[in-house]
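Right, I'll just put the structure down here and ask away after.
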Amino acid sequence: MTALLATGGWLPVSVVLSSFLTGIFIFFLREEDVLMRSLLNLGGAVLKVALGILLLWGVAQGFVYTFVLPLGAGLDLILFADPLALQFVLLSAGLWLVTTVYAIAFLEGSPERSRFFGYFSLCVTASTGIALAGNLLTFVIFYEFLTLATYPLVVHHGTREALKAGRTYLIYTLGGGMLLFIGAVWLQGLIGPVVFGPVPALAETDLPRGVLIAIFWLIAGGLAVKAAMVPVHGWLPTAMVAPAPVSALLHAVAVVKAGAFGLFRLVYDVYGIALAGAPAMGGLLAMLASVTIVYGSLRAIAESDIKKRLAYSTVSQLSYIALGTALGGPLAAVGALAHLVHQGLMKITLFFCAGRLAETYDIHNVHELAGMGRRMPVTMTAFTVAALGMIGLPPVAGFVSKWYLALGGLQTGNDWVLAVLVLSSVLNAAYFLPPLYVAWFTAPPPEARLQRRILPGWVEWGLLVPPVITASLALVAGLLAALPISPLAWAELIVALRYFPVTGDGP
Amino acid sequence: MSEAVLMLVPTAPLLAALAARLVPRHGALAATVAAVPSVALALFPPDRALDLPWLLLGVELGIDALRRPLLLLAGCLWLLAAVYARAYHRADPRSRPLFVFFSLTMSGNLGLVVAFDAVTFYLSFVLMNLSAYGLIRHAGNAEARRAAKVYIVLVIAGEGLILPALWLGASAADSLALADVRAAVAAHPLQSWIVGLLFFGFGIKAGALPLHIWLPLAHPVAPTPASAVLSGMMIKAGLLAWLVFLPLAEASLPGWGLAWVIFGLAAAYYGALMGVLQDRPKTVLAYSSISQMGLMTVAVGLALAAAPGPAHGAEAAKAAMMAAVVYAVHHGFAKGALFLGTGLTDHTSGRGRLVVVALLALPALALAGLPPTTGLAAKAVLKDATAVAMPAWQNWLDPLLALAAVGTTLLLARFLVVVAGPAANSAPGPAGFGLWGPWLATLAAAAGAAWLPFVIPAGPAAEAFTAGSLADAAWPVAVGAGVALMVWRFFLARPRARPIVVPAGDILVLLEPVGRCLEKMGRDTVRRLGTMDGRWAWLGHVLLVYVRFAEGRLCRLERRLASWPILVAGFGMLLLLVGVIAYNGR
Amino acid sequence: MDQADIYILAGMALFAIALHALAARRHLVRKVLAINILGGGCFLVLIAVARRAPGPVADPVPHAMVLTGIVVAVSVTAVALILVRRIRSATGRTDFPEDNRDDRV
Amino acid sequence: MVDTSWAAIAVAVPLLAALASLWPGRWTAVAVMAVAVPGALLATLGVVWTVYEIGVYRHPVGGWGAPLGIDLYVDGLAAAFLALLAVVAGLASLHVLADPDVKAMPRRRQSLFWSLWYWVWGALAAMFVSGDAFNIYVTLELATLAGVILVSFGHGAVALFASLRYLLIGTLGALSYVLGVALLYGATGTLDLVLLGERLVPGPAVVVAAALVTVGLAIKAALVPLHIWLPPAHGSAPAGVSAILSALVVKAGFYLLVRYWLGPFVSLGDGVATALGILGAVGVLWGSLNAIRQERLKLLVAYSTVAQVGYLFLLFPLAAAGGHVMAWSGAHLLVLSHATAKAAAFLAAGNILTSQGTDHLSEIGRASHHHRLSLLAFGLAGATLMGLPPSGGFLAKWLMVTAAVETGQWWWAAVLIIGGKLAAIYVYRVVRLGFVTSPMEPPGAAGPPRPPGLLPVPMLTILAALGLAVVSVGLGFASAPPLRLLQIGMPAAPGIALEPLP
């Protein structure tokens, strides 16, 4: 076993391929092959999680996994597993598994499911690829691949509105991809291959400062699009026309996190915090993130459509990660990375619940939630846990990351961060408490006005279990944050490697 | 391993909440059982703190001299309130959510008492605050909704103030232990900010003056057992928070101490004044709580200001802190008894009601400080604390405190009058042992608990009974009673006399329009923000028109390129171009 | 300037004239003819180039090229004429739509 | 000693197949294909292997040797183009074999079609391995001639006009080229490209010759503004024909320009390289803008070719400025990936056209479900056209932009990037159709029935399109072998050390 684990790069590759091959197979399945498709889906998802855990175990044993595919002309496609990559891999893979269960139930009986699940698998392939990318080129490849694989999911319904949203999505993300591309090629043209590793690629550079700043903002600008930072956040709320599992996994986790994850790589692994912490780079980015946090919250208050509100909440919450990354300092970085996981768990729960509400009672608006606490207590409990976590209340995970971000802000002398966090918490409360209030404290409308859709039993379970699992995880991640296996502890490990590098090989 | 039982203090009520959700019939029973560990631990405290480094960011629970009396108070009150609630809510169709919220609130309330670290304290505080929303909102009528709304807005505002203070403290301390945080605050460059944030943030819970507005609204609408714990123990959470977060006994802050004292005295007088002008018993009691909390605020102020000096400062501050705690215990039990009794008046009539009112006079007098009640002892302790902590203030503070006692007497006289008056609502049913039993137990506890050696040290307890202090304590009561009698006799007893009544929440009436206006403005702003994306649509249109125009040109040009003369001309031009360039370049 | 140069220039002039015809003449057959003249110009140049070889004998390689070129030109002309006929029979037209201002497709 | 005759076989196989195809009958077509396609692939593999083994080499056909006989000149570039030809033409042959339009022709026309088909193939193969300026002319003209007739197999008078226009303009280009070659021969006395480079003394005649050669080849490569013959011809030809015309025949013009301008004409300076780059850049913008406004799918794809060819011309200024290895690798990887992608796009468009009888974009959306796989193929090809990863187009653009950055000529990078975005617009216009919920077919779990008025599309045609699309995307990952191949015999720019071959 150990010998098997020690062998090179097959493991990261198979992590990526496990969903890719599944996706390709699924494309060719006929629409009515439900069982086969579901088995493939779940099998791929379970396999991916298993491989991810294997990878985790191997890395914990001190093995280094690197897969290099030379592309010629000095370019390489590199997949490697460092702790940071693993965190994102396990997040994507784990949530993919849960979302797959949910999606199978959610899309029961709807058309074009083979197409849907095919692209769904490709999306996760892309996000694990992003996670495992070992150099900038590989990152760019998978980053753009993600755009392509997501578009079909956004326009899945094929309605005029969906197509319009898809167009908006493409305009933003391809624009962002263009910036990223320019920045990446420029940088690579100047300093050669940019490999992610313990030492930042630009650690010892003599490039002119203006060029460094320009490249930083090109790349960060490209990443900010997917991370939905103001003013390039516009695609995210419109993309909410996609089916709920898509909103849940992609717009809460995979796509947006790809941007946030990329920002972390950029700041820590390409520029190095010593360089990227400059006011013109990290400082400005932190400001931008702060503006986004507040602006997203304000917009969320204005939306009464549940999914849109959640979308703007994502806009706001995502920038916590960007903020923590940009602030520099170990505590802020820990907060950012912990939030990467925590926000994923909480937001996916919220979207799961929103999807279930829409599917069962055709509820799309906050005002329609009346009495739902009594009718769907479990769903609403999960929703409540996640929403409270979003506000940043203990013991849900969101509190932990917010706590570290605040301490990180103080640690780096950016006391204004406290004001941003407090303001955002209050605004979060302002848009998350009303739905909770309506659901738990108001009477439901008469039965006649609210028809519960009759769904097959397994569909009900399929829609119910995933949010319960993710909500529990969000709770546990907060409750047991001090345990060495928590997302927080893992984030601390990742940050420790960057701030207090140990000599010797292997993490 | 006895300290492991500490874990049960917050978790037993959580399990009770779960039980109340699953087995609604036994919600009250579960809540009762859940309070038992706290009472037991208060009586037989473990000698070590419980360290749970794996939980949250590292949890530490424990009981010290400061917390033990409060834990006793909290445990007893919650226990008795739960027993009381069992009978009180027997016929309530919405008892299931009530007991869920009841138990959750209990968990938070008890948890924060035993919390030794900042995160656990904050977690419990939040849990208590949010769950109490369900208690206040329970009746579901317009009044309850209004009270709950005011409450939750203030709670959220409070969180916003507390969090940065915690962050600043924890960041400076590099530790979450409350002791470290306190030490860090004592030496923090932003100390004024932190102390200010703490004052207002926790002041909301403690009913400090301009932030008290939710209390008179919330207490009357909450179910009686909930009001009892709300007033008896939950508002003490704010006090405890001050005691554990402020750098008491670590640094001397006379300025802030004075502010605390002034705010406290103001609350004491203002609460009495506004309370007298109320006409509902529970509202009067709420104002009484505000007034009494004012006195405890004074004690905190004394601790904060305690003159520095080798060894002396710390001791002085500790004395003042203990004074606040003793007062809290005394007030908690008395107020609990008052609330529960008030609830009982709704369920009794005739003779039974008379008995209730008569018995209610006992805790009322205790609050006023009449000998030989716990009130006397509490006031004596407070006075001693003044002498030890800030001798310089003694000559003006003592008379002012005595004057406050006059106000308290007046207020409680008003309460007795109001509660003896016609019942507000028709009695839902006769009160059985289910209500009487816990109430009488509360009365007994109010009379006895404060005398426990770990609450009031033997010294002050004995001292309270010296002749001088007896007289000191008695005259304000007498004066108050006299004034009350006079007012009643010469003013209110006349036919067609109408007492002046101030609406509950006093300045809230003024604030509410402002709040509504702000809310509307906020909504409008946010809505405008929502339509802002549309503002850019014209740009898109202009672009579109331009693109169409350009497309027209494009089509024409491409068609022209396709004609033969132009093609051949292009061929020739290109030949020329390449030729010339190559000729120059060779 | 020797004789060969004159031939070369003449060939190029022929090329230019044919170009003009290709542009200016609308009838399809005329365009085909223009292409043929274009080819003629090229061949003339090639022959002239052959003449410039040192020694008494002309360079045979350009001759071979001209021969090949003629074959190609014949094929092109044949195919072009077939296409012209088919256009005629399909549409009744003998010019390109883009050359006819009245009925552009 | 490695046998060097594979190159001759690679040329001979399609030419023999062209002859054999003249025997009419469907079985002839199948049988010829069964032999010719694997044969050509095998021969190409042989060529590639030989180049890997011994590097650049010459093969004297029939043992005569230059200057009397014909020498085949094979370097990495030629081998790569041969391989491209074999893959694209091979897969396109599958498409043609199953194409209902071709099957509907009378038997004799079918056999003529097949014969011409292999004729184009053979002519191109001969051109790629030709080291002789005049042979190039002959093969160029043969390919054009056969292509013209194949275009005329398309529907209606538009196809006839298009093919005649293609013939006339193409011949103008070829004759311009041959005139240039005549002058070159006059100046140097040789037709061999390598010797030509050695003997070339820049003078007025050489300059005129270079101009004639360049512009003549630019016509073949559809460089703006000499591109106007291309869209109607490619837009109206049968799908398979459009595919090889766009993928290969147009590239032939570019291939020869590379041979000349990175070969004998280097001594004429960088100016022309820059001019070619500028024209290429104009072509990128012009072609893309025109593609965006097309209403017919095949015309859209055709204009996209105009745009994509424009990218290739950026090689000249980039290589001239010293970004040699990167630009060379990038441009030729772009050739490979664009050729496969464009062929896939045309085959997909052809499938849609065959099935629905129209390729108007507004109509396609109404039966999108029916065209799902074709649109998928188009989408994959589109990724390459846009230059999005993971596709060969992406890597190619990455290399070319790197070359631009390294040589400090950011404006060429801007062209590449803006072109990519414009490509995204026109590709998007098509791809979105695949997701329209179509009113013609009610969605259902059991799969919608074929809407009335749609002809079935043979699976083979779809697979051919998909296969080409997958190759074009796969080039993004498997780019190392072709790039290594391309660098064998790469003309060295002054002062640039070549990467050592492993």
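We call the chains A, B, C and D, going by the order they appear; numbering starts again at 1 in every chain.
Here is the rule we use: a contact is a pair of C-beta atoms (placed from the backbone, for glycine too) under 8 Å apart; a residue touches a chain by one contact, two chains touch by 3 or more.
Fair warning: this is a prediction, and the values are worked out from it, not measured in the lab.
Chain centroids computed from C-alpha atoms place A closest to the centre of all protein C-alpha atoms shown. For the pairs B-D and B-C, the larger set of C-beta contacts lies at B-D.
Computed from the mean C-alpha positions, the centre of chain B lies at a distance of 78 Å from the centre of chain D. Averaging C-alpha coordinates per chain places the centre of chain B 100 Å away from that of chain C.
Note: centroid distance chain C to chain D, computed from Cα atoms, is 27 Å. For this pair, chain A with chain C, the centres built from the Cα atoms lie 66 Å apart. Annotation for chain D: residues touching 2 or more other chains are 172.
Among all residues of chain A, none touch two or more other chains. Shared interface positions of chain C, i.e. residues touching 2 or more other chains, are given as 19, 22, 31, 96.
Every pair of chains meeting the contact definition is listed here: A-B, A-D, B-C, B-D, C-D. Those residues of chain A whose C-beta lies close enough to touch chain D in the complex are 27, 30-32, 69-75, 77, 109, 111-112, 115, 137, 140-145, 147-148, 151-152, 155-159, 162-163, 166-167, 170, 174-175, 177-178, 181-182, 185-186, 188-190.
By the touch criterion stated above, chain D contacts chain B in their complex at residues 169, 172, 176, 202-204, 206-208, 210-212, 214-215, 218-219, 225-226, 228, 265, 267-272, 275, 286, 289-290, 293. Listing the residues of chain D that touch chain C in their complex gives 67, 134, 137-138, 141-142, 145, 148-149, 152, 156-158, 160-161, 163-165, 167-168, 171-172, 174-175, 178-179, 182-183, 185-186, 189, 191. If you check the complex, the residues on chain C that touch chain D are 8, 11-12, 15, 19, 22, 28, 31-32, 35, 38-39, 41-42, 45-46, 48-49, 52-53, 59, 61-62, 65, 68-69, 72, 75-76, 79-80, 83-84, 86-87, 90-91, 96-97, 105.
By the touch criterion stated above, chain B contacts chain A in their complex at residues 53-58, 97, 119, 122-123, 126, 130, 134, 137, 140, 152, 156-157, 159-160, 163-164, 167-168, 170-172, 190, 525-527, 529-530, 533.
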